[in-house]
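Just below is one structure, and these are the notes that go with it.
Per-chain residue numbering starts at 1, and chain names A, B and C are given in the order in which the chains are listed.
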Amino acid sequence: MAQVTTANRIGSLRAAPGLLERIDLPRRVVFLAATSMIGIVALLLTFITWQGLQLFLKDGVSIGQVLSPTWQPDSTSGTPNFGVLPFIAGTVFVTGVALLISTPLSVGLALFLSEVAPAWARAIVQPALEIFVGIPSVVWGWLGLTILVPFLSDTFHQKIAISLPFVGEVFSMPGFLTGFSWLAGSLVLSVMILPTITSVSYDAFRAVPQELRTGSLALGTTRWQTIRHILLPAAMSGVLTAVVLGMTRAAGEALAVQMVIGNSPTLPAAITQPVTTLTSQITLDMGNTVFGEPWQDALWTMSLVLLIISVTSVMLVRLINKRRMGS
Amino acid sequence: MNSGDDMLATAIQPAPVLRAIDVPARMARDEAATESNSIKIDARHVSISYGQKVAVRDVSLQVQARSILALIGPSGSGKSTFLRCFNRMNDLIPGASVQGTVSLEGENVMDPDVSVVELRRRVGMVFQRPNPFPMSIFDNVAYGPRRRGMKDRRKLEELVETSLKRAALWDEVKDDLRRKSGLALSGGQQQRLCIARVLATDPEVILMDEPASALDPVSTLRIEELMRELRKAYTIVIVTHNMQQAARVSDVTAFFTMAEDRAGYLVETGPTGRIFTRPTERLTEDYISGRFG
Amino acid sequence: MTSGVSAAQQGPGGPHQSLHRKASRGSILADRVATVALWGTGVFVLLLLGAIIAHFAIAALGVVSPSFVLDDPSDTVLGGILPILWNSIYILALTMLIAVPVGILGGIYMSEYAGDNAVTNAIRFAEESISSVPSIVVGLFGLILFVSALHMGFTALGGAMALTMFNLPLMTRLAEQALRAVPQEERSASLALGATKWQTIRHVVVPLAIPGLVTAVILTAGRVFGEAAVLLFTSGTGTPAHYDFSFFNFNDPAWATTSPWSPFRPATTLSVYIWKLNSEGLGAFKNQIVDGSAAILIGLVLIFNLGARGVGRLLTRRLTAV
């Protein structure tokens, strides 16, 4: 170390530091690197918010109009309608069912890895999960398109539709005519968010101290009783966080979902029907629109909605964990 | 001083530690009392290995009903490992294998047909560090019975009260049963809560793995008093590093040590008074007088 | 002492049940069912993954060949994917070039310097926020910023910058973890010898964190490589006909827009290509091209993933070898 430091300066220990030391260049550089992310977020929020509000500010569309179920942005056929309700509904529906399918499976997998699996089984399943994470979303979409959609169509074509949550008229509803459907989207999404929910839940289970488990088992309970009554309550905030993160991922997924849901901009009547989400509509339309025209402004507003969803979920996760810290 | 203490006093060997240990007079009385009790646990040729490493080798001893057996010895001599055989908690350690038989009133607990869940109800365990669940005091004590299916509210309340009374905790918590978390108690109280929790499952045997080593001296003495009370109805086996504690509390003492190959084995066992005053084995005497361990 | 138990009172009451009687049959049955179900999830995941890999392996058999990888795309015959594969690698390299240094430096700050204050809180919030933002929104942001506002049009550089922004939280967090994993004793020993904090970081902490940092880089690279939504709006979707890899002369005005070595041109990557082929739905060989591309994508991602583990383990072993 050629650099003269305060510590090895011969003589007074309190000799004045030089200019370079006072500036502490390394610290400033790394600080800049870390805080760059704050800048990125600020830019992101600013640009998207500004652009997203243009529909209201520049084009004079009201929030009421935006929340209507009619989407007809093409202004050549009369007054355009920018109702994005079908897309919001589509996102909610597809994400919701995906969570319904994926959460039990993922939490179960996390329990398996943390409580049940012997070391050799963990050594196989954990890398498998990591590979799962690595599969690009377009590949999932392609798999859904080439395998799942035809399967749904061939197997359930013309049969009685499973109608959720719209019961009634069950027997007159068409089934998976083409296979492109709400259910297809949810199935693909549920597999995509599985690693997310599993890994966060797994960490939560591992964080529960072993002595709680041994205390319960020593009282003469079964492993499942210990999981149900001790482990799950203790890890609940972690599991909730996992679900919120999975939900965020599902709601934000664009390409894979777009390939299998059919993209009809109307509210679906049943889970077998095509549907559109915010993300898929943006992806479809963006290329066909001109910057500055109301149609595109509506798409930007939809992106703003997506941004709001994700920021809300970040705060939700913080809320869930703050309560745990404070207790 | 009665004649029993005279006998003991004249028999004491002149080692500094032994003079400090006051082997109570009641030991002589209680030893006589427990001699006629039935055998609660009979361990024969028990050996325990973790994979290739032998942790405990060929231990045989008997535990009499309604007595306190103390397992003493230096670290690593297999006392806790051996203790865990009685309620088959070694099953939870991957790679652990146990040979030999451990009979609870004649039934071998090692038998694969045995319900481990039922065994652990009858043979309860208190750990070194108190581990109350993150729930109310009431729920902690009611945990075991509830998992066995007890739902009746009145019965649960009675059981919780009885258990807390037997664990000498009732008076201190009776007003806060449902509002206070088990974690909000002091260390000594938490340990008594854990004891109450075990008592609620209606066990016959209570295993204690260094139950007071994480507690302050005052709490330690209270736990020891509690043990002497519980002994009247339960069979107790405790592992302790603290020789004085073993001498104060137990009826029978078993001394373990570690062999050259690091496997633990039983050196000798006998009435506590005798072990601490006239041990048969040289190793025991060395340990008790502080020459090693 | 309060209400103890007198010698006469029996603590444990009643006749003892044999240990062999299965008490609480219901709970033991529930435990068995739960165990089977939980094992089932593990088996399900393995089967699913195996099926997916098998599917693509089979699909790839008919399509993937050296000529598929090295040929140019074609409208008339089953062409290759060379320019597109190149773009994937190029954009990956460009992204990592920016993201890795910034990420590691940021990780150093978070691990070694950051205190418990509002700024650190803000950085973490920013990390979490960017991670949660949908990739498509980041792509749109790139669209406004790079393509429109800065008038760059669709470029590899724009794509790389958008990708950097998107993956910086991941890289920073992984780097921070790798650095935090270095035991505190190492730092103490260095400081006690009179080294400054930065010297300690540079000569002690970072070298010891190299296995973790390498893993961080490879994992981030795997994420970047498969990304499509961000690039869709920043680096474009056109199918390049042919790349002249000998075109190095950047003084030539055409270099910027046509040379494969230039970052100032549109660059369709493998993932985007798959998407585009599917949405356009044209071409007789569409399915095979997509199958082949997807197989290569998955293969490379697999290599990244297993590579990250393997390299990490190798380096750790070499580091801790006596």
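Definition applied: contacts are C-beta pairs under 8 Å (C-beta built on N, C-alpha and C of every residue); 3 or more make two chains touch, one makes a residue touch a chain.
Computed from a predicted structure; not experimentally measured.
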item: Maximum centroid distance from chain C, chain identifier (CA atoms); value: B
item: A-C or B-C, whichever has more C-beta pairs in contact; value: A-C
item: Chain B-chain C separation of Cα centroids, rounded to whole Å; value: 52
item: Inter-chain centre distance, chain A versus chain C - centres from mean C-alpha coordinates, in Å; value: 16
item: Set of chain C residues in contact with two or more other chains; value: 27-28
item: Where chain A touches two or more other chains, by residue; value: 221-222, 225
item: Chain B, residues touching no fewer than two other chains; value: 117-119, 121-122, 147-148
item: Contacting residues of chain B [partner chain C, same complex]; value: 104-105, 107, 109, 111, 113-115, 117-119, 121-122, 147-149, 165-166, 168, 170-171, 199, 202-204, 222, 225-226, 229-230, 232-234
item: Residue numbers on chain B that touch chain A, as the complex places them; value: 87, 89, 92, 94, 117-122, 124-125, 127, 129, 131-134, 143-144, 147-148, 194, 197-198, 201
item: Residue numbers on chain C that touch chain A, as the complex places them; value: 27-28, 30-31, 34-35, 37-42, 44-46, 48-49, 52, 55, 101-103, 105-106, 108-110, 112-114, 119, 122-123, 125-130, 132-138, 140-141, 143-145, 148, 165, 168-169, 172, 194-199, 201, 222-223, 225-229, 232-233, 271-272, 274-275, 278, 287, 290, 294, 297-298, 301-302, 304-306, 309
item: Residue ranges of chain A touching chain C (in the complex, touch as defined); value: 1, 3, 5, 7-8, 21, 24, 26-27, 29-38, 40-41, 43-44, 47-48, 51, 105, 108-109, 111-113, 115-117, 121, 124-125, 127-132, 134-139, 141-143, 145-147, 191, 194, 221-225, 227, 245, 248, 251-255, 259, 279, 282-283, 286, 291, 300, 303, 306-307, 310-311, 313-314, 317-318
item: Residues of chain A touching chain B in the complex; value: 118-119, 209, 211-212, 214-222, 225, 229-230, 233-234
